[in-house]
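Letters A, B, C, D and E mark the chains as written, and numbering starts fresh at 1 in each.
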């Protein structure tokens, strides 16, 4: 795999919810091994973009590409099988499955048979889950559920990891841990698309940042470059 | 005099458990009318049908559909007793002629009886009583009964008890199970443990098939004779197979009757519908006869209701089951036959009680 | 839609119904009477299912209990007084509803469905297996209740046209009562409970009591329809309490469209008319015997193509049209 | 009741309970785990019984080939049915499933009436299983009934294993909790549900085919069994195979002894049982998970 | 010891067990009027469970709770709520099919329920309307009143969650991660709101955003594995080495 291979691409994507025009022509590319931050205020369309990439929402206009194939008509499970894992906002863990089952249900080798994230490694990363392996997902605390959602995504050994507010509700120590893991993931060549409210940390841990406002990309640059112009960024994010 | 077509409304079950019975009744009725060139009492007959679904809750609406929308002159129906009760109520109020070709609810020709309500079948009491008499004659002393916990079962068992105890026997236990439950095993075990001289039962349709098979499978048929009201083995023999062989039942009809009318009826029915008639077909046929007799008496003039009803009440019906008349309460006064299952037939082996009328208690007409 | 237009439709419908008996007599009059009673029954369930989110599969119990009460409370050979018989039957239904509600409201979701079913079956078997109400064969009402004040008979319930207006009046009253009730704070609280009970409790609503009140009220209203049916037919049978009846009225709601009162009424009419139509020999000849096939097919098709029920059809068409327009715009 | 009778009654109870489980097992799958309220389940049971009746002549009355053929048909049938009628209902209000499956009941019953007629039929017990065992001097117990119990036990064990222990089972359960997320993890939930639905139908058909020789075949047989099955699933706790199994046995016991000891109230005993259990444990004996 | 203000909610020895797991173990704390009392701690430490127990949502295993001077240990949740206890949820619990405004009005109604008045439309209750409008204004949702709540973005839903809680005018507020899911702008607004809220009220704040916690809270309690390991004024807690290893890690709060 060449290092700048395009894994996921969106070109001029428009999305409607009924009458509401939520994405108004967004373009975004995720290349192998690249970490991208997606920022924007509440309700600007970040999650909508992600759900469109995953195939849960249909773009009314524009083109989605998943590994060079037309993604617009791909079902979400096909998208996921092309090596894209997703941690949704709100976690969506399976409450009626135990922690162990949550981690096993979708576990599979990644593309090329990679198996970087076997169960023991996930449990090493989140020891808290190890203590609660046989508990029902419903019984976990909010943060534990969040860890479980991330662990579950990793269990599919993805090439692209999409994290929508994955650190929400996690203790600072765990957040640091997660960012460390994202770092590790980056190092192993897994690409990531990260939505997170802590834009400073995002800037520090990604290659590139895209800022959405009212369904449009209003700012896109290398993270290092953006970090150097905090005023513009702060204005866009409303700080 | 009226000359237009006379409208007959069939309110019968065309779907669900009793659908086959509904069709047989209709076939029997039509056969008689067709034999007379499609006319009764000189009036051409026209039919309207309503599926009563064996649903008492819809009974009043369904018969109203026939009477008020389709303007039928006569209603013929039905199989299910609860539905028949609802029909009788409406018939009584509207004064519409109702001929019941099956439902055996005692009340319809008891407290509910009316000048415009007739039955050409039986009351649940009749076959039960007859079997009670037979069981006593056969020397049984202690008998158990088993049936579904519903009106028809209670009435049939009541009749049996009356006939049996009159003959000196004793019903030691009345077993029931909720309708339409068909899990009999527990009660069969009770029977096996109590070892009565015999068992009397009232079941019909799918329940009858299953009960007879279960009874045989438990080996009880070898030690404790099973007696039943005729529905136990009517229309069910093919399904019951070997397990029903030799069973004794009582009914107002059976195979191998020596009645000449029966021979011609059977031949005609078989020719018309490519299948053998059953008791339900006979009852339908007789319903048509009864109506025909009445209509002839008034020369097709349906407006002469009192004369019509008087003629019908006094009718002597040349039934395939053997001629019968109606009692004061408009229920057949008829011979009840004792029958034995042989092969696929309910062979008549004798008359259990002769010209037996239903007591019709409660009927003030 | 302007406020006036919104008011126009119900007024036209009400006027049409009021004028109906002047044009039609006999079967269709009685049929419409019967369906209006069913509509009241459906409305009472709508209060539970549509408004409160409590799916009861035992609603026929209250309907049947009131019907039985009508007969059992009526004297044998004289007419009962309408003005005390009606409340008395409704109270009978409400008391059973209160008892069932108090127990079954402890459970949720499918469990609630099944528990209400179980209690209805219990009532069913009480009438089915005991001679209390004539067993399986049911019992008759000898004399219809008299609408009389101090011995003066005001209207004769035996007259179909009069009875039509009585039922129609009840339907309008129940509809209006529920329409106002559901907009009141009590009604909105029920809506909140349906949507998110946890949050309602956290806000300070004693939700159990609200639900119990709704459950009892729905039982009483179902009792009203049971009373009306018993007086109309003069015959009751345990099958009135069977789960088929409970299921049928639930189907009316779903078919009509849940969450709107008019959906319940529409559903009752649609269900009854479809059944009548498919059973009609004049149209379907001998195939009318297989009316259930046609009814089943229609139901399947309506679920497939009308997810919001009949009442949601206009909105669905509008959405479809605007989507098509949007697509045309984009292209 | 003497002791011997009591033992035989226990046997009756267990045997009835096992049969109930067999019928309810398909329901557990479709209703408990997939979350589809399938009123048509009783119809599948009826279809199974009628298949046993109609297919037997085709295979010259040979039992096992008939069974196999019936199951194959059932799977195909269930698969198509899910695709045509159920697949787009998951995202909708659950009550729509009630309406849809009710429509299916009407259609199935009527098609049955048109195709096979309304007569009651018997299906012979296969010759090699037709013996019976004498229990004391009390009564004979048909071997076939014991075989049925064996089959029920096997189905129970298999079902438990698949649902609780395999990846497939986990996926199905996960789908019941959050369909969208299951898809996001790369699992083809549509296909999976289609297969599970087909399996549920096959189980009901299997129950119908196996029960046919002892229960006979008659119109409306499906409706009767449906409610009892719902009771079993609910008592057991929705989504739990283990619970359904225990509940089936419990219902068998209560029903059997209810009939014998309290015939007057036999109709309501199982409903009393259900109400009592749900008031004690509002989520059934075993809640899912 | 700083000057003591009125204690509005007092918890003594509160414990809650789930089977073998003790989620909250012998926690005592006081919420005083005019104070924001933060409860922080590792994931699964029992913070949400503590809120649930205090609010009466789940039963207490042992211990007692006192609200505005009354012993409410055996009171149901709605009763405590009517007595002035408001809470928000960690996982959004709104009425998804209603408009944003109706969401708030619905909870506001709890203070003027009059269920027997069935003839007056709920929309005609001026008090609830005013309370709802005020809550929306404060939380920055003004302008979104007529949107359907289920169609809001995640962050907007979180804002609504708080607004619904405020609409009941509680005296004691239990907030479970009110900042989760909010962007920087909304976080700022919420912190301002919190600071303004505490006048006349007691606020319990569970939050993982340490910047925020140390900025607004007057008192901090730290929980680990169900037990309190530290409690006191923010600077003291921040300096506590045990808290640092167990929870804060290498975060440097400035």
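Keep in mind that, in the parts below, contacts are C-beta pairs under 8 Å (C-beta built on N, C-alpha and C of every residue); 3 or more make two chains touch, one makes a residue touch a chain.
The structure displayed is predicted, hence computed values, not measured ones.
Chemist: What chains, if any, are shared contacts of chain C and chain E?
Modeler: A
Chemist: Quick one: which chains contact chain B and chain D both?
Modeler: The shared contacts of chain B and chain D, listed by label, come to C.
Chemist: Measuring centre to centre, with centres taken as mean CA positions, what chain is farthest from chain C?
Modeler: Looking at centroid distances, A is the chain farthest away.
Chemist: Which chain has its C-alpha centre farthest away from the C-alpha centre of chain D?
Modeler: E
Chemist: Tell me which of C-D and A-C has more C-beta pairs in contact.
Modeler: C-D
Chemist: Counting in whole Å, what is the centre-to-centre distance of chain A and chain B, each centre being its mean C-alpha position?
Modeler: 74
Chemist: Approximately how many whole Å separate the CA-defined centres of chain A and chain E?
Modeler: 29
Chemist: Taking each chain's centre as the mean position of its Cα atoms, how many Å separate chain D from chain E?
Modeler: So the centroids are 48 Å from each other.
Chemist: Cα centroid separation between chain B and chain C, in whole Å?
Modeler: That gives a centre separation of 37 Å.
Chemist: Give the residues of chain D touching no fewer than two other chains, as numbers and ranges.
Modeler: Those would be 109-110, 113, 267.
Chemist: Send over the residues of chain C in touch with two or more other chains.
Modeler: Where chain C meets two or more other chains at a single residue, that happens at 125, 128-129, 292.
Chemist: Go through the chains and record each pair that touches.
Modeler: Final set of chain pairs in contact is A-C, A-D, A-E, B-C, B-D, C-D, C-E.
Chemist: What part of chain A is in contact with chain C in the complex they form?
Modeler: Interface residues on chain A, with respect to chain C: 14, 16, 18-19, 60-61.
Chemist: Please output the residues of chain D touching chain B within their complex, sorted ascending.
Modeler: 1-2, 4-5, 8-9, 12-13, 15-16, 109-110, 113, 117-122, 124, 132, 134, 138-142, 145, 214-221, 224, 255-257, 259-260, 263, 266-267
Chemist: For the complex, give me every residue of chain C touching chain D.
Modeler: Listed in rising order, the residues are 49, 55, 103-104, 106-108, 110-111, 114-115, 117-119, 121-122, 124-126, 128-130, 243, 247, 250-251, 254-255, 258, 290, 292-293, 295-300, 302-304, 307.
Chemist: For chain B, which residues count as touching chain C in their complex?
Modeler: Where chain B meets chain C, its residues are 14-15, 48-51, 55-57, 59-61, 64-65, 67-69, 81-82, 85-86, 89-90, 93, 105, 107, 112, 149-152, 154, 178-179.
Chemist: How about chain C: which of its residues touch chain E in the complex?
Modeler: It comes out as residues 180-181, 183-189, 191-192, 195-196, 198-207, 210, 213.
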